[in-house]
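The following pair of complexes shares a single chain, subunit A, combined with subunit B in the former and subunit C in the latter.
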Partner chain A sequence: MRILWFILSPLIALAVGLFFLGLARKFLARTQWRYGPPIYQPLIDILRFFTQKSVSHGAVFDLGVILSLAGSFIVVLFLPFGGICPLQSSGGLLVILYMMLLAPLGLALTAGEAANPNSSIGVSRMFTLALGYEVPLLLVVLAVMARYDTISIVEIVAAQREGVSNLATFPLVLAGIAYIMILPALLGLRPFDVMQAPQEISSGPLAELGGRYLALAQLQHAVNMFIVVSLFVNLMWGGSSNVLIFLLKMIAVLLFVLWINASFPRLRIDQAIRYLWRWPTLIAFLGLLLVEVMRK
Partner chain B sequence: MSLELLMAIALGGAALTYILSGVDSKLRDAVAVIVSLTVATGVALLYGRTAEMTIATGFLGIPVGLRIGPFSWLFAMTVSAVSCLSVIFSLSYMRGRQRTGFYYAMLLLVDAGMLGVVLSGDLLTLFIFWEIMSWSTFLLISFNGGPALAAGMKYFVMSIIGSLSMLVGVVLIYVTVGTLQFAGVAAGLSEAASGYRLAILILFGLAFGVKSAVWPFHAWLPPAHSEAPSPFSAVLSGVLIKMGIYGFLLVMYVALGLKSFFSLGWRVLPVHTILAIIGAVTILVATFIAVIQTDAKRLLAWSTVAQAGYIFLGISFGTAVGVAGGILHFLSHSVFKALLFMVAGAVEYRTGGVRDLDSLGGLIKKMPVTFAAALIGVCGLIGVPLTNGFVSKWLIYKTLIVEGSPFLAFVALIGTWGTVLYGYKFLHNIFLGQLPEKYKDLKPAPFSMRLPMVILALTVVLFGVVPGLPLGVIDSIGSSFGFASIGVTAGGVAAETGTINMINIFAATLIGLILAWLIFRAGARGARVDQSDSYAAGAYVPADKYQYSVRFYDPLQRLMGSWLKDPVDSFYGGLAVRVGKVAEGLRRMYTGLVADYVMYVVLFLAALILVEIVWRPW
Partner chain C sequence: MDRNQFIKWIESPGKMAHKYSLHAVYFSTGCGIIEVPPSITARWDAERFGVIPTATPRHANLFLITGYVSLKTLRAIIRTYEQMPEPKFTVGFGSCPINGGMYYDSYNTIKHLDRYMPIDGYIAGCMPRPEAIFIAVTHLWTLIDKDMADGYKRYRKYYAQYRANQERVLGRLEWPPLFPLEKVHEASA
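What follows is the complex of A and B.
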């Protein structure tokens, strides 16, 4: 039974992620007074990519996209999703933080082997932005771990109250605010879509990707969306033992981020870092301090 | 093999190599490899042995002796294994160069010196081998001449200050305790006043701090590591700076002892917390400076400073898990950093000495094995799961979080993201991107370079998947220091405060990879294309100009550039200039006139007589 969940939960994440991608396109279209594509359009796109011709720049080019998608699948195995968590007791939140490295690393390897300056610039921006949002994110995660005195994400979820009204409860208020402020950056959405920036650097790391390579990159993007949103729901909004409620919470968070995405223009990378290291970091720092003071 | 025979082979081998270099270069190379292999095998055979012995009692009646236990064995094994691989790597690296005989002799002598340090049974032996190690290191750092000479000098001056401070410490201990044997010292120090124990810690800490390049004593390391011959950089970074870590462990947990060490300092700010903070500062400063380096070896050198910070943070934080994590990170770092310096060396060897990250690129097509080794090494450095660096860093983070130091944990974790930045820069600027025209006919690294790299890369993965292997030894070291066992399993650690099982994670990774690969297989195959067949929005792709590597993290560099200077280094530089000026002033005394010198003698005697008459001290 447990083995089955090892296979099933990545696939569930994939399906939910694809649904999110479709929802995002629809949402953006409706805010811009367009009708927009059907919600299953990303699935159609990916199926089409799989049949199309593509180019490969070498073994590492292939390995990178596989590693990237695999990395996202692995993270899913550690994340509780409405009571489902196949790998509970193998290192907890720290392993999740580290496993989240695999996907960008894989994408970076593919982009590097692609030998295209657009891709390299995209990777450079991707890592720089990651360094930008990791500072507040780590402070937030540490505040959560210090609040519940554990590094296990399952225990963190269990320690929070069931229900919908438990979003960022005291003393995690400040940490929660900081977390919400950096969510668009974590997802790579506007105003933080510097990594792809189609109008400047031809989609950055994806510039050389076509056919199944692009399909895998899209799938990874979908799973990554699932991971980031579900991590927020688990850490800040109590998760849920009910899959349906968990999903609804995820959609609520996603809609908020999409609203930001539809409202703001893109920041330059240095502006983005300056923002991330200023207000969210300050608030997250105070949040961690607050948790520490309350603990004493 | 007995300890004195082992030391005799190590020291005698160095001398023999030097003598043979006049006879035949092939024979000399063979002897160098055989000696280092014998020493490594000898140490491996000592696994699990505990012994103590005295060689002689000649010098001032103070006994000189050796000993071995799990603590010494782990360090000795790492030292001899990395040195052995470095000698093998040198075979092609040094071929056709000047003074190779001297090089091999010094390399083996450093090896012997380090072995002596970790196997020594008392402080006098430790000091003697410490000096052998330091001096021969200086000669090797300056081996290439030119800028290497200045780098060596910087190392030498700092190292001597450390050594002298250590000598003062040794004498101080001998005067008060009356013995230099570790057991006797520990017993004697446990009764001493806390101020005295703190003085001992500071005196030895200066020597070990300089060697392990902990901030603010790191200034010698970046130039020395980048200017030394690459195989020796691997030894330098892999094991030599870890002698400082060995020394710290020795003073903290053997000489002072667990309880005594933790009781030092003030209640709000104990000394071990201060040391942990120094470790965290080291991580933060060095990581961000590494990001902006453009010299491959200098980047690795700054990274070494940062990783030494992790080790230091682990061992001085002082929980059972923390110390185990620190020691394991010493082992992990030895393996992957030696590997990365060898990668830089192999690239340097094939491209004719190019270390500039801005002028390389695309070498993966010519040196695939070297790239694979570099990738694994960088993964270990970052601490990607399933490499050895992950387990050691996990242990350190876990103890910092669980024991309630989230800010230290924050610094350590953010250092990891910095590591991602410079680790990828190292990979990308050397191996990925466009291959320049001039490297079109580059050959892959020779076998004698690939062999050590492959062995080290396999070790990175092996210790990452089955960390129980080294953790078993480390757990027994912990118990000899007086810590509780951390509950080692084959796949990691299973304690009440948190479990990690790398074998589980390995299985999960396998499932993820297979799943992703199956999806990948489902698509239509891609056609292999050349690097010039690249997207350029319809424009022609210019040869040699379609590469982005100069100032790779430009926005970050513009943002942080003014913060990323090294004030410590400029302080030392200014100090050196001022000392030079004072010495220049003193030099004016030497006029060359005999009459002046006679006057100095008379004045000095007069001063002595005056002192005797007025204060009567004698």
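What follows is the complex of A and C.
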């Protein structure tokens, strides 16, 4: 039975991620008073990418995309989704934080092998942005671990109250606010979509990817969306033992982020770093102090 | 529009996916680009039919040449077209790519674009309205359905002739041939 979940939970993550991609496009269209594409449009696109002829730029180019997708799938195994978590006893939050860097690393290898200047600029922006959001993210995660005295994400979920009203409960209020402030950066959505930026650097790291490489990159994007939103729901909103309620919570978080995405223009990379290292970091640090003070 | 017909998706998923996921490179050579922003934004919203602009030819399968083609842009157009992954579809937009349009006697403008690269269809007009783009897309769907949008196959088959035409107007091309030239020569001889 446990073996079955090892196969099923990445597939569930993929399905939910693809649904999120479609929802994102539809939501953006409806905000702009357009009708928008059908919600299964990402599926059509990925099917089209798979049936197209693709150009490879070398072995690292092939392996990088696969590494990034595999890294995302591994993270999914550590994340509780509803009551399901295939790898609950091993590692916990620290492993998730390490493994989350595999996906950008694989994408960077691919983009480097493609030798397109736009890809290189995109990769450098991607890692600079990662430098920006990792600081507040680590502070937030540290606050959560200090609050519940554990590094196991399953125990963190179990320690929180069941229900909908437990969004960032009292000692974690500031940490929760900081987490919400960096969510668009984690997802690579506006105002932090400096990495792809189609109008400036023509899709950045994805510029040279065509055919099935692009399809794999899209699948990775979908799984990444699932990972980030589900990590937020697990750490800050108490997760849920019910898959349906968990999904509803994820959609609520996603719609909030998409609303920000539809409202704000893109920041420059230096503006993004200045913002990320100033306000979310400050608030997350105060949140960590608050948690430490309340423990005594 | 048969996007909702499940049987067709089972029968030929590749063809259906190509029909309803047309990611377009707009080659904004002339005044035709004016008609594109209204057609992809809130007024006409081409994304309803899966048509969205992309920033790089590697993601695209629809190539719109919107306006007159000068010798300098022809070079860039050919390179862009050769970078797109197959199957790919091209549409000439406006009367200039068809026969030169109002630039019929210009010394550095290409009059018949389909001598230098294969074109699957044209939208006539100077300029065509955004509605014409949608009519063109529905025509392209029909062509894809009947396997008649085969420009990329023609390019492969008659590459030697296309390359010779390109070299005649552009001089020596600085990129290597996309397909081997010798094989085609033998076939034509």
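Just so it is clear, the second predicted complex is superposed on the first by the 296 of 296 C-alpha atoms of A that agree within 3 Å, B and C clash if a C-alpha of one lies under 4 Å from a C-alpha of the other, contacts with A are read in each partner's own complex, and residues count from 1 in each chain.
One rule holds in what follows: a contact is a pair of C-beta atoms (placed from the backbone, for glycine too) under 8 Å apart; a residue touches a chain by one contact, two chains touch by 3 or more.
These numbers were taken from a predicted model, which means no experiment stands behind them.
Of the two partner chains, subunit C is the only one that A:Asp45 touches; subunit B does not reach it. Looking at the shared chain after the overlay, A:Gly36 reaches subunit C, while subunit B stays out of its contact range. In the superposition on chain A, A:Gly211 makes contact with both subunit B and subunit C.
Applying the stated contact rule after C-alpha superposition, one finds that A:Gln199 touches subunit C and leaves subunit B untouched.
By the document's definition of touching, neither partner reaches A:Leu172: not subunit B, not subunit C.
Of the two partner chains, subunit C is the only one touched by A:Arg25; subunit B is not.
By the touch criterion stated above, A:Ile121 is placed in contact with subunit B alone, subunit C being left untouched. Touch criterion met: A:Val95 reaches subunit B, while subunit C stays clear of it.
Comparing subunit C and subunit B on the residues of subunit A they touch gives the larger count to B. When the two structures are aligned on the shared chain, A:Leu77 is found in touch with subunit B, with no touch to subunit C.
Once the two complexes are overlaid on chain A, the subunit A residues touched by subunit B in the first and by subunit C in the second are 51-55, 118, 202, 207-208, 210-211. Residues of subunit A touching subunit C in their complex: 25, 29, 32-38, 41, 44-45, 47-48, 51-55, 118, 198-199, 202-203, 206-211, 214. On subunit A, the positions that touch subunit B within their shared complex are 6-7, 10, 49-58, 60, 62, 65-74, 77-78, 86-87, 89-92, 94-95, 97-99, 101-102, 104-105, 108-109, 112-118, 120-121, 123-125, 127-128, 130-131, 134-135, 138-139, 142-143, 145-146, 149-152, 202, 207-208, 210-213, 215-216, 219, 268-270, 273-274, 288, 292, 295. Residue ranges of subunit C in contact with subunit A, taken from their complex: 3, 13-14, 16-18, 20-21, 23, 41-42, 45, 47-48, 50, 54-56, 58-59, 61, 84-87.
Of all residues in subunit B, those touching subunit A in their complex are 362, 364-365, 371, 375, 379, 382-385, 390, 394, 397-398, 401-402, 404, 406-407, 409-410, 413-414, 416-418, 420-421, 424, 427-428, 431-435, 498-501, 504-505, 508-509, 511-513, 515-517, 519-520, 522-529, 531, 533-537, 546-549, 552-556, 558-559.
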